[in-house]
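Each chain gets a letter, A, B, C and D, in the order it is written, and its residues are counted from 1.
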Amino acid sequence: MSLLYSDLQEELRGSVRALLADRCPPSAVLARVETDTPYDLDLWRALTTEIGVAGLLIPESLGGAGATPGEAAVVLEELGRSCAPVPYLTSSVLATTLLLRSGTPAAEKLLADLASGASTAAVAVSLATSPYDVKSSGVTVTADGLTGTVTGVAGAEPADVVLVPADGKIHAVTDFTVHTQVSLDQTRPIATIELDSARSTRIAPDTEPLTYALSRTAALLASEQVGVAEWCFDTTLAYVKERKQFARPIGSYQAIKHRLADLWLDIAKARATARNAAEDDPDEITIAVAQAWTSPVTVHAAEECVQLHGGIGMTWEHPAHLYLKRAKADSIALGTQGDHQDTLAKAANIPATPHGTGH
Amino acid sequence: MSLLYSDLQEELRGSVRALLADRCPPSAVLARVETDTPYDLDLWRALTTEIGVAGLLIPESLGGAGATPGEAAVVLEELGRSCAPVPYLTSSVLATTLLLRSGTPAAEKLLADLASGASTAAVAVSLATSPYDVKSSGVTVTADGLTGTVTGVAGAEPADVVLVPADGKIHAVTDFTVHTQVSLDQTRPIATIELDSARSTRIAPDTEPLTYALSRTAALLASEQVGVAEWCFDTTLAYVKERKQFARPIGSYQAIKHRLADLWLDIAKARATARNAAEDDPDEITIAVAQAWTSPVTVHAAEECVQLHGGIGMTWEHPAHLYLKRAKADSIALGTQGDHQDTLAKAANIPATPHGTGH
Amino acid sequence: MEVRDRVRAFLDEHDPSAMSRTEFLGARFDAGLAWVHFPQGLGGLGASREQQGVVEQLLAGTPGPDGRQGIGLGMAAPTILAFGTEEQKKRYLRPLWTGEEIWCQLFSEPGAGSDLAGLATRAVRDGDDWIVDGQKVWTSGAHYADWAILVTRTDPDVPKHQGLTYFICDMHAGGVEVRPLRQITGEAEFNEVFLTGVRLGDELRLGKVGEGWRVAQTTLMNERVAIGGGRTERGGGIIAPVLQTWRDHPELRTHDLHRRLLSLWVEAEATRLAGARLREQLTAGVPGPEGSAIKLAFSKLNQELSGLEVELRREDGLTYGDWTFRRSDEVAMFSRDAGYRYLRAKGNSIEGGTSEILRNIVSERVLGLPQEQRADKDVPWKDLPR
Amino acid sequence: MEVRDRVRAFLDEHDPSAMSRTEFLGARFDAGLAWVHFPQGLGGLGASREQQGVVEQLLAGTPGPDGRQGIGLGMAAPTILAFGTEEQKKRYLRPLWTGEEIWCQLFSEPGAGSDLAGLATRAVRDGDDWIVDGQKVWTSGAHYADWAILVTRTDPDVPKHQGLTYFICDMHAGGVEVRPLRQITGEAEFNEVFLTGVRLGDELRLGKVGEGWRVAQTTLMNERVAIGGGRTERGGGIIAPVLQTWRDHPELRTHDLHRRLLSLWVEAEATRLAGARLREQLTAGVPGPEGSAIKLAFSKLNQELSGLEVELRREDGLTYGDWTFRRSDEVAMFSRDAGYRYLRAKGNSIEGGTSEILRNIVSERVLGLPQEQRADKDVPWKDLPR
C-alpha cells in the first residue's frame, strides 16, 4: 500500500483539472449560486462523458471503469479544489457504493445507468448523518407506495432516482419532489425530498448497504476536503507573496510565514490520512482518523484564507467564501470530528472514564 | 468588588518582593533543592516575623492581621514569582483556612501559634486532591491513636503539627514521621507522613472544613500560578530583547513577538480570574474558572520560557526549570483543569450529553 | 451657571414632545449642551469633558442622535473642531449634530488596509479647487451620507506620511459613485466609493496641505476603543446564543462538543473579567494600548463560539437564513442565525485593525519589543513597491 | 568482483567469534567494506552508495560500530573524506571506523546556537601552529572522545561566513577542559568544552583557511535527517506509554483527558502517516526540506503527550524518578518515567534546529516565502551587534 499517487492517478487528475479550469472557473461557480439550478449539468455531462468519472467505482462488468477508491479520491480532490457543483460525491460515490454493496439485480440495473452518466442518483438521508448513528427515516411504506419527507439531502436536484431507506429496507424511487433548502454551502445545497404514495423498487432487504456506503463515502470525503484545503492554501500563499503592505509582501512577515508553515504541515498530514483512507478496504480506524483530522484542518485552512486575504476575503466577489462554506459543511457531513473520535475510542481501545458512558 | 490591587496590597507586595529579592535569589533556591532541607526556614522566619505573612487570614482576635484573601493572594503571587521554598500555601492558607472553618477551641488554639509563625501546620492529604473528590484517608483511629500513611503531602517537612482526616473527623497530630518523596516540583516537594499510634486532638467533628479549605486554597493557588507565569513571561521578555541571533534581538522576529503578545493577553486574563477568585467569598464558578484558565496558561508560560531561552533554558543552572516544574505540579494540585471544568458544567448548567454521565 | 442648572433651564424652555427631533437637537446645540467641552457657539460651553456625563444623565429619555450619525459624531466632529477653520466649524458642526447632515468616512482603499498611509487616491490642485480621483472601500453609510471625511494623496514625491491632505467631501458632488459592497454573509453593510474627477473647493480642505496624516490620526484616535462587547454578565454576551442552543437541544450534545464548549466558556469568562479589569484601569486613569488586546480576544471568541454552534446544530447548521443581496445597517450578532454569525464574525479580526496589526501593537507598544523593519518610511511614495 | 561476493569472501576468511570487535572491524575496513562508496584503501571500494545496503544486510549480526562512534561515522568521516588531505584520510578514517578513536563535534557556542556562523571561538596562527581559545557547548561524548571536529573564527575582520576555519582537535591536548552540562532532567547528556590556549598543528586544519563554513555545511548535511522516531506501528512509538498508562489505570481517566488523548491520538497517527508518506517520497527520489516539518511535528507531539501523561498520573505525576547529577549517554524516551519524558522532550524543539528555525526553513525553502531580513551578511563579524 502506497500513500503516493500513481502515474495513472496523476494522469486522471490532469484531465479533471484541465476540464475544470476550462469550464468551472470561480466566476462561473459564484454566478451559479444565485440561480435556480445549483448544479452545473453541462459540466457534469462533460465530466461523465469526456472523462468517465461517474463509473470509476463500478466494475467493468456493469459498464464502469473498475477503478479503485484511489482514483475516485483524486477526482474528489480536484472537485474540491474547484468547489465544482456536480453530484459526484452524492451519486458516483454514495449512491453507487450503496448499490454496489447491495448487489441485487435491481441495484445492478441502476448501476449500469449511473456508470455512463446517463442517470444520476441520490440517497435520501441527511448529509449530516453520521455513519455511526443512522436513524430511521420518516418515510412510511404502505400498499400505495412510499410517503414522507426527508430533509438535508445533498445532490437531490439533479437526481433521476433516489434511494430511500424506509421500513428497514432500501427502495429506489423516481417519483419525488425536491425543494432546495437555503444552505450554508452554496455549491452543494441540501434539499427536502417529498414522497407521496411513490411507487418504488426494492434495492436491498436491509439497511446495511446504507451504513457501509456512508462510512466509505466519509473515507473519500477526506480527499474532497484535502482539495478544498489545498485551494485555500495555494490561493493564500500566492496572495501573501503578491500583496504588499508597508512596502513589503505580507508573506515576508514572520508571523504569517510561521502560520503558513504550520498550516502546510497540517495539510500534508491531512493528505496522508486521506490517501490512507482511499485504499481499497480501509478499516474503521483509518476512516475515523482521516475524518477527525481532515475536517478541522480544512476549516482552519479556509478560515486562514479569509483572514490572510484581509478585507477582500470578506467580499462576495472573492471566491474564498465558497470554500469556507464548503469546508464548514463538510465538517458536519457524514459525522463530525467528535463522532469519528468516539469511534476511534472504541476501535482503538481507548475507553472513556470508568464511570463514563462506556463509549 | 474591584479586580485591581489596592494601595495596601501594592505596599504588601513591595515588602515581600524586597525581602525575597534579598534572601531568595534563584541561585539560592537552586542550591537548596540539592540539600536535605527543601524548605528555607530562615526565609520563612523572616517572612513571618518581619512582614507577618502567616497571620494574614487569621482574625485579629486570634492574633492574626485580619486581612482579606486579596492580601494573601498578593503574597502568593510574589512567592510564586520566586518559587520561594516556604510553607505559606500549605500552612498559612490551607491549614489555616481549615482551622478557621472548623472554629473549635482546639482549632483556635492552634491558630494563635500559626498566626505568629511560631508554629507551622500541614494538612495530611495529597496535594493532588481535588476539592470535588476528597477520598477518605488510609489512616485508622483506634484507642491507641492514629495509625497509617498519607502520601503526596506538601509542606510536611517544616510542619510542627499535621491535621489528619480520619474516621470522618479531623485530628491534630504532632507525633509523626516525614519522608520526602523525590518530587517533580523541587521547590515544594511532596512527602509521606507516617503515623504510628499517634496521639491526637480532635479539631473538627466532620470533614467539611477540609473540603472547604481545599476549595478556597484552590482559589488562591491561582494567584501563585499568576506569579509563576509572570516570572516566566518577564524573564523571557527581557531575554528576547537582549539575546541576538543573526545580528538581531530574537525579540525582533515577528513570530516571537506575536507569540508573546498572545501569551501576555492570556496572562492578563489569568490575573483577572485570579483577582476575582481572591474576593472574600468566591462562588464555585469563580474558583473553577480561575483554576481551569490559569493552570494551562501557567504551564504554557513556563514552556514558552524554556523554548524561547533556547539551549540555556534546558540547563540546570538556569532557573527556568524550577518554574516549569512548579507550574506543572500546580496544574495537578487541588484539581486538574478537567476537574474544575466538570464543576463548571454542573454549577453553570452546561450539562454533558443526555446519554452521558450526567456530571 | 452650573452645567446642571443650564440643562434644567433648557428643559424648562424646550418640551421635546412639542417639537421635532431636529428642532430639539438644534436648540440643544444652541444652548451649548451638544458637547459641553466644545467652545461656546459650537455646541458647547467650554466646560470639562466630564460634565458631558451630567448632561447625558439629565437628558436621558429626550430625543438624541441616531445610529446613522455615529461617524459624524465620533470621528468627523472632533476632527473638525481640532483642525477646521472658524467657517468650517460654523458651517458643519450644527447640522452634523442635529442629524440634518449625515457623515461617512473615506479612508481605506483596496490597496491600503492595514497600511492606511499608503493610500493612492489623488487630489490635484486646479486653480482654487482640487480634483480627486480614486477608490475608497469599507465605507458604511456612504449611500445616505451628505458629507465625508476624506484622506487623499496630494504629493507622491515625498515619503508616504508627508504627502497626504485631508478634505471634507461633498457626497452629492459629481463624480462620486457609491456601490454597495456585498459581503460573504450575502448582505452589504458597507460600500465602495468611486471618485472620478470630483471637484472640491479649497475651502473643503481640513488642515494644511501635506498635513493629512496628522489630521487622520486625530480622527482615528477618536474612533471608540472597542473593549469588545461592553459590560456583560457571566455567561452572557457572545456565549449566550450557543448556551441557549445547548440547553434547548439535549439531543445534539456530544462529549467532544461538551469539552470544547466548557473550554470556551472558561475563556469567555476570563476574557470578560479581563475586559472588566481593563475598564477599571481606564477609569482609574491608566489608559493604554491594552484595549487592542481585548479586541483580539473577543474576535477569536466570536469566531470560535459561532463556529462551534454551527457544528453543534448539525443538519440545521447546514442551512442558512437568507442570502438575498440587500443592504444591512446593523451587525446583528445576537438576533441572527448561527451561520450568519459564523460568517460575520470572520470580519471581526479584520475590521478596526487586523489581529495581526493588533499583535504588533501589543508587542511593540505594551511589551516594548522592536518594531518591524520598515522600508517605506524615507522613500518617496511613488517609488514604493506595491 | 561483485560487492556481494566480496562480503561472502570476507566472511569466509574472518570469523567474528574468533577475533575482537576491533580486529574484525579493522579487517572489514581493509576489505573495503566499511563504506563501499569510499575510495579503495580508505575503507571502501569506490562502489555506489546503494551497495552499502547489501553489505549491511549480509553482515547483519556481526560486530559493528557502537553508539559512541555515531558522530565520527555520521559527521566526521564524510567531512574528512571530502576535505581532508591524503595524510589526514589515511591517519583518521581507520581508527574512527574501528572505534579505537572516538570523535565528538565542537560546533555550538553559548552565543551561537541557531546562528552557528556567528561563533566566537578564535584560532590565531602562531608559526606552524594555531592557538585556540573559546567555549563550545552541547557536546555529547566530549568526555570520552579522542578527537573533535572544530569550527573556529580565524578572521574577525570579514563577514561572518567568510572568516571561519575548520580543524581536527586533539581532545587530549593541553587546555582542553570538558565539563558535564547538567540538564533540567538532572542528568548530563552533553558537555561544555573550554578551550584555553589549545595548540593545534596546521596539519590538523581541515580545508582551507577561511573555508570553514563550507566544510561545516558538509558536516551538517550529513547529520541524519531525523524523520522523527522512524517507522512505527499505529498506536506505537511516542504515544504508546500514555496509552499504556490510560489502559492500566481506569481510575485516573476523566472526560477532559479522554478527549485530549483522542485528539492527540489522531494527531500522532496523522503525523505517523505523513512521515511514512515522506519516506516513500524520499525513496522515490523526491527529497527536500520537508523532513524539517516532520521533526517539528514530532517535537510537539512528544511534548504534548508526555505533558498529558504527567497530568493523567495525578499524585504520581508529582513525583520524579531520580534527580541525581550523573552522566547519561542515551535519551531514554521510552524506558523512563513520565516526568523525565516531559522534561527531556522540551529539548526536542531546540536541539537539531529549533522549531522556529525549522518553520523558517519550511516557509522559505518549501513555500518560497521571502527570507527574513538579514543585517549580518555583509558586515565584518567583529562589528556585528551581539
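Here is the rule we go by: a residue touches a chain if its C-beta (ideal position, glycine included) is under 8 Å from a C-beta of that chain, and two chains touch if they have at least 3 such contacts.
Predicted model only: the values in this text are computed from it and were never measured.
Student: Just grab the chain with the largest centre-to-centre distance to chain A, centres being mean Cα coordinates.
Tutor: B
Student: More contacting C-beta pairs: C-D or A-D?
Tutor: A-D
Student: If you average the CA atoms of chain A and of chain B, how far apart do the two points sit, in angstrom?
Tutor: One centre to the other, that is 52 Å.
Student: With chain centres taken as the means of their Cα atoms, state the distance from chain B to chain C in Å.
Tutor: Taking the mean C-alpha position of each chain, the two centres sit 45 Å apart.
Student: Where the centres are mean C-alpha positions, what is the separation of chain C from chain D, in Å?
Tutor: It comes to 55 Å between the two C-alpha centres.
Student: Return the residues of chain C touching two or more other chains; collapse runs of consecutive numbers into ranges.
Tutor: In chain C, residues 254-256, 258-259, 356, 359, 372-373 touch at least two other chains, as defined above.
Student: On chain B, where are the residues touching two or more other chains?
Tutor: Correct list: 248, 253-258, 341, 352-353, 356-357.
Student: Can you list the residues on chain D that touch chain B in the complex?
Tutor: Per the touch definition, chain D meets chain B at residues 108, 110, 113-115, 118, 137-138, 181-184, 186, 254-257, 303, 307, 310-311, 314-315, 317-323, 325, 339, 342-343, 346-347, 349-351, 354-356, 359, 372, 374-376, 379, 384-386.
Student: Write out the stretch or stretches of chain A touching chain B in their complex.
Tutor: Those in contact with chain B are residues 253-258, 353, 355-357.
Student: Using the touch rule from the top, collect the residues of chain D that touch chain A in their complex.
Tutor: Answer in residue numbers: 234-235, 243, 246-247, 250-251, 253-255, 258-259, 261-263, 265-267, 269-271, 273-274, 276-277, 280-281, 284, 290, 293-294, 296-297, 356, 358-360, 362-364, 366-370, 372-373.
Student: Which residues of chain B touch chain D in the complex?
Tutor: 33-34, 126-128, 151-152, 181-186, 190, 244-248, 253, 255-256, 299, 303, 306-307, 310-317, 320-321, 324-325, 328-329, 331-333, 336-339, 341-342, 352, 357, 359
Student: Quick check on the complex: what are the chain D residues that touch chain C?
Tutor: Those in contact with chain C are residues 255-256, 258-259, 373.
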